[in-house]
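You will see two complexes here that share chain A, one where it goes with chain B and one where it goes with chain C.
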Partner chain A sequence: MNLLDFARGPALKAAIAVFCLGVAWRIIAFALLRIRFDLNKPRASVFKYMAGGLLTVGSRSWPHREFIGRTGAGEALGYSYHLGLFAVVLLFTPHILFLGSLFGLTWPGLPSSLITVISVLTLTLFTAVLFRRVTNPVMRMLSNFDDYFSWFITMLVLVTGLAATAHIGAQYETLLGIHILSVDALLVWFPFGKLMHAFYIFPSRAINGALLARKGATS
Partner chain B sequence: MPLGHEELTVGESLRRAGISRRGFIKFCTATASVMALPPWMGAAMAEQLRHAPRPSVLYLSFQECTGCFESLTRSFAPTIESLIFNVISLDYDDTLMAAAGDAAETALANAMKVNFGKYVLVIDGSVPTGAGGAYCTAGGRSAVDTLREAAKGAAAIVCVGTCSSFGGIPFADPNPTGAWPVTAIVEDKPIINVSGCPPIPEVITGTLLQFVSTGKVPDLDEHRRPKAFFGNTIHDRCYRRPFYDEGKFAKSFDDEGARNGWCLYELGCKGPTTHNACATIKWNGGTSFPIESGHGCLGCSEPGFWDKGSFYAAQASAEWGKAGTPSPLRALEVGGAAVAAGAALGVASAGVSRLRQHRSEQDAADRQQKEG
Partner chain C sequence: MSSARATDSASLAPAELRTPEARVAGAMSGFAQEIGALSAFRLESCIHCGICADACHFYIATEDPQYTPIWKVEPFKQAYKREASAFAPLVRLLGLKREVKAGQLAQWQHLLFDSCNLCGRCSLICPMGIDVAALIEQARHAMFDAGLAPKELYEKAAHQQATGQPEPSAEPYRDQLQAIGARFGVEIPLDKPEAEIMLCVPRTDIEHYPSAVASLARVMQHLGRSCTFRSDGLVAENYGYYAGGKQWQREISLRLIDQAIACKAKILLVPECGHAYAALRWEAAELYGKPLPFKVLQVTEFLAGELEAGRLRLGTAVTGAATFQDPCESVRKGGVKEAPRMLMKAMGVELREMKNHGGFSFCCGGGGGVLDIERAAPLRYRTMETKLREIDDTGAATFLTSCSDCRRTFDDAQAHFSWNKTPQSLLELVAANLTGAGRAI
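For the complex of A and B:
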């Protein structure tokens, strides 16, 4: 068994098992936590505070008008690289075929050369994101190992993917094996680090929004 | 000499065949070019060959289908007849030789004795070791014994085809005959693997010619294949590659994309991970190669190609065990079991958390009661 066979065989199988187990564990454990009962009289109807939750998901996904000058650039950077990642992961034909072989569903992809351009742009944005995190004193204070490792492992997947596509540094199957191994590592890390925000971000915004709406506040 | 022929230099044998020096240099230059050697190697090769005695070559066939030899007979540059009449002395080959039975075995023994330490041993087919080697015997001797004995006096061993190079189809799971590639049996000789099922004829003859003309083993990759022929992947040199880059893929073998020559990646082409010269040297004198004929590459020159799942599963597919098992089913099995285990862990974690919370609240209440 060579590196590629190992990476997309037993290693991938183990990584997907850890990913599914970890995600299910954290979501279920989070969902079943006891919420302290609020004894105050609700300031809004059930319908209103549910709607408040949904509205918060939208309002917190966009910079507040008052702070747009200070946070706009950071948010634009964040959105851009997330869109780049979305395109690279979900619209590159070999990735579509890979996911199709796992889940039996495929969809049209973008030209490989366009994906390469998007990957390079995403890499550049990713570097800018790290630069911002390191140079901004507040962000630096807020960051810990989890932030840097999550950045590193996502960057690793992008870099190894580009190297495999461009055949840089070694033979294609070796590069592809390393790329898939990096994906395996990301899948294992995902549920236990801040990458888990992919699952938590919208529910947590909705819950916060709903709790605030119950108290009569808008957010 | 074995088979009774006198020892001639290559130059002398060519002169007798009426081939001019200029013609011979042209032939060597063309061969060097096929092997992607530097331009000066053509002349150097011609000079070396002209003065060298024709080296003895012994061609042993073991657990194989003779497809590799069929391929060799279709070599255009050099042709098999030019190779065996002018450049090498093919002293044993049970497919081509007129002798049979004891006479053939005696010819083999004589050639090994007379040219000990100098002959090139060509092996075609894997070597079965199961049942004491009884799955492949010739003249009452097993292939594994014949190989071990013949290897002792070989200057180098050239494994022709994927079976002798990597085990090939006989080596595929469940390998009922206990087949092995030559490298698993012979460890103390230079071994050159010319893999392929079958290999490209010019790659076989070119490798032989390069070795006999330079006396050196060519640069090899990690699978001991000559880099001159196996240095690039099929995908690197494929004429359909621009369509891959544009994201244009044939979805079936007879759709419009296939008719327009679009990339066969989605139809299972193994070109991206297959090292061979099919896309450059091509087959039948440069006529075409499988992808040009409309079928994806099977990856036949790579180790274990037979056990790597369906020929028609896209290269990017995840491997989930043995060929033929539907991947989505396996993915759901693994993912479903893991989700169930994760959910159980989640329930347990939440239970522990609630218990701690409850105890903490009770402690706080007790403290308040005491203080009150």
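For the complex of A and C:
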């Protein structure tokens, strides 16, 4: 079994298992804690506060007018590299074929040359994000191993992917094997760190938004 | 970290007599018991982006990273990861999160009490939607359990829990109420066996703004609604809420709840006191253990309702252009945003909004008990400057609010900065502009 076979064979299967079980456990673990129901009479109807939750899912995608001057640039940077990552993961034809082999569903992709440009841009933005994290006093203070390791492992996937596409440094099969191994590593790390925010972001906005809307509070 | 000043022994509550180890154990167990699925989810959702700092007036005024709102719960996040998170056994086994030490927790007193008004502005900016203020309030509970509530808040909470008043007074408040009635020529409804509406009063108003107490009585007289104060449940404030003492908060709330039930009130009317409204409207039922058998209304929302029903008749107020300080607890966090504006509109007040207003208004700086913490004053003054600038920038001659703590904070600022504005009560403005039957003397 060569590196590529190992990476996309047993290593991938094991990584997917860790990913699925880990993510499920992270979510189930909340349910094992005390769930408190608010006994205070709501200001709004159930419909209204559920709608408030859904509205918050959208409204928190961009800062309120009152905050935009202070946070707009930082948030734009954050969303930009996320969009880049989504484009590379979901619109690169080999990725679509790979995902199709797993889920049986394919869709049209972007030309490889465009994906390469997006990848380089994303890589640049991702570097800027790290620079910001280490230079911004607030972010530096808040950051821990999880932040840096999650950044590192995502960057690794990006760099190895670019190297494989550009055939730089080794044979294509080896580069692809390394790239898939980096994806395996990301999947294994995913449930243990902040990458879980991918699963939390919309429920978090919706739940907190609904609870604020229940009181008629600003959200 | 400048928070070292918070460890001065003067800032520690009497429970400091416990060993530091016992103090920390108490805090962490309190937090772990209270954490619940929702708070755990909030803690886990944080992506360490630090954006919440940009909503906090303490950070904006100082640019000091330690005032980042989510950082204020850092030790509790650490404890949660060790004790109750999905991989807690692994975290402990590998030593990934250290145990929270007494020294660390003591340092956080400055961050959780002196430099947080519980105003909730940080909860509006988080891209993950986290209600950061709710986490900070929970962290205060643990600090209280650890004996780390600031002395001023602890002592007032203890006194209020034991006697019903946060501080001793020369005369009982019920006597002071009657004296206010006599002085302002208005009947103070007191200890009626039954009434549709039970009234309570901020002790701040009794001591500093008696005209606000008289105004409440006057407006109720105008409306002709059956109402009463109750001697055994007079004080609106809840220092248990400020200090983080959940059991005391419950007992203080129960005084009012029991009296409202005893007089068969359908409405418990909370006067111009933001945190009193939050404690009764949004927290009391949980502490009571079941839904309250009456409505809790903040006075401006009650009056707006009376206005809509045609029972409250108002004339034109001669204020000139006015601006309005939105109390965080009733407006941003409590949802009473339109009611004060309806009342001002009905009186023909030309409202000039501040740059940040309504749900996005900056806190006065005194909320969350900060005004009571003596050592917090220099930081509070520094933080208030943004707010005072916004008020001045409106060019309004009249400055209104509907929270007596906000009012007291601005009065204090007036003295400190030789500021040229005097905060006025919206309720008093309403009382002064009643028209038709029942008009004030």
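Please note the rule applied: the second predicted complex is superposed on the first by the 216 of 219 C-alpha atoms of A that agree within 3 Å, B and C clash if a C-alpha of one lies under 4 Å from a C-alpha of the other, contacts with A are read in each partner's own complex, and residues count from 1 in each chain.
Keep this in mind: contacts are C-beta pairs under 8 Å (C-beta built on N, C-alpha and C of every residue); 3 or more make two chains touch, one makes a residue touch a chain.
All values derive from a computational prediction rather than experimental measurement.
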Handout entry: chain C versus chain B on the shared chain A, clash or fit after superposition
Key = fit
Exercise for the section: Could you say whether A:200 touches chain B, chain C, both of them, or neither, answering first, second, both or neither? Expected result: second
Practice task
Tell me which partner A:33 touches in the superposition: chain B (first), chain C (second), both or neither.
Solution key: both
Exercise for the section: Have a look at where A:167 lands relative to chain B and chain C in the superposition and call it first, second, both or neither. Expected result: first
Exercise for the section: Mind working out whether A:24 is in touch with chain B, chain C, both or neither, as first, second, both or neither? Expected result: first
Exercise for the section: Check the residue A:127 against both partner chains and state whether it touches chain B (first), chain C (second), both, or neither. Expected result: neither
Practice task
Go through the superposed model and pick first if A:45 touches only chain B, second if only chain C, both, or neither.
Solution key: neither
Practice task
Identify the partner contact of A:66: answer first if only chain B is touched, second if only chain C is, both if each is, neither if none is.
Solution key: second
Practice task
After the superposition, pull out the minimum Cα separation from chain B to chain C in whole angstrom, please.
Solution key: 5
Handout entry: Residues on chain A lying within both footprints (that of chain B and that of chain C)
Key = 25-26, 28-31, 33-34
Problem - Interfacial residue positions of chain C with respect to chain A in the complex - result: 35-38, 40-42, 44-45, 47-51, 53-55, 59-60, 65-66, 68, 70-71, 84-87, 96, 120, 123-131, 281-286, 288-292, 295, 331-337, 356, 358-360
Exercise for the section: Going by the contact rule at the top, pick out the chain B residues touching chain A in the complex. Expected result: 233, 235-236, 244-249, 265-266, 272-273, 275, 303-304, 308, 313-321, 327-328, 331, 334-335, 337-343, 345-347, 349-351, 353-354, 357
Completion exercise
Listed in rising order, the residues of chain A that touch chain C in the complex are 25-26, 28-31, 33-36, 38-41, 43, 56-57, 60-61, 63-64, 66-67, 70-71, 74-75, 78, 136-145, 147, 192, 194, 196-197, 200-201, 203-209, 211-212, 215-219
Completion exercise
The residues of chain A that touch chain B in their complex are 2, 4-5, 8-9, 12-13, 16-34, 93-95, 97-98, 100-104, 109-115, 167, 171-173, 176
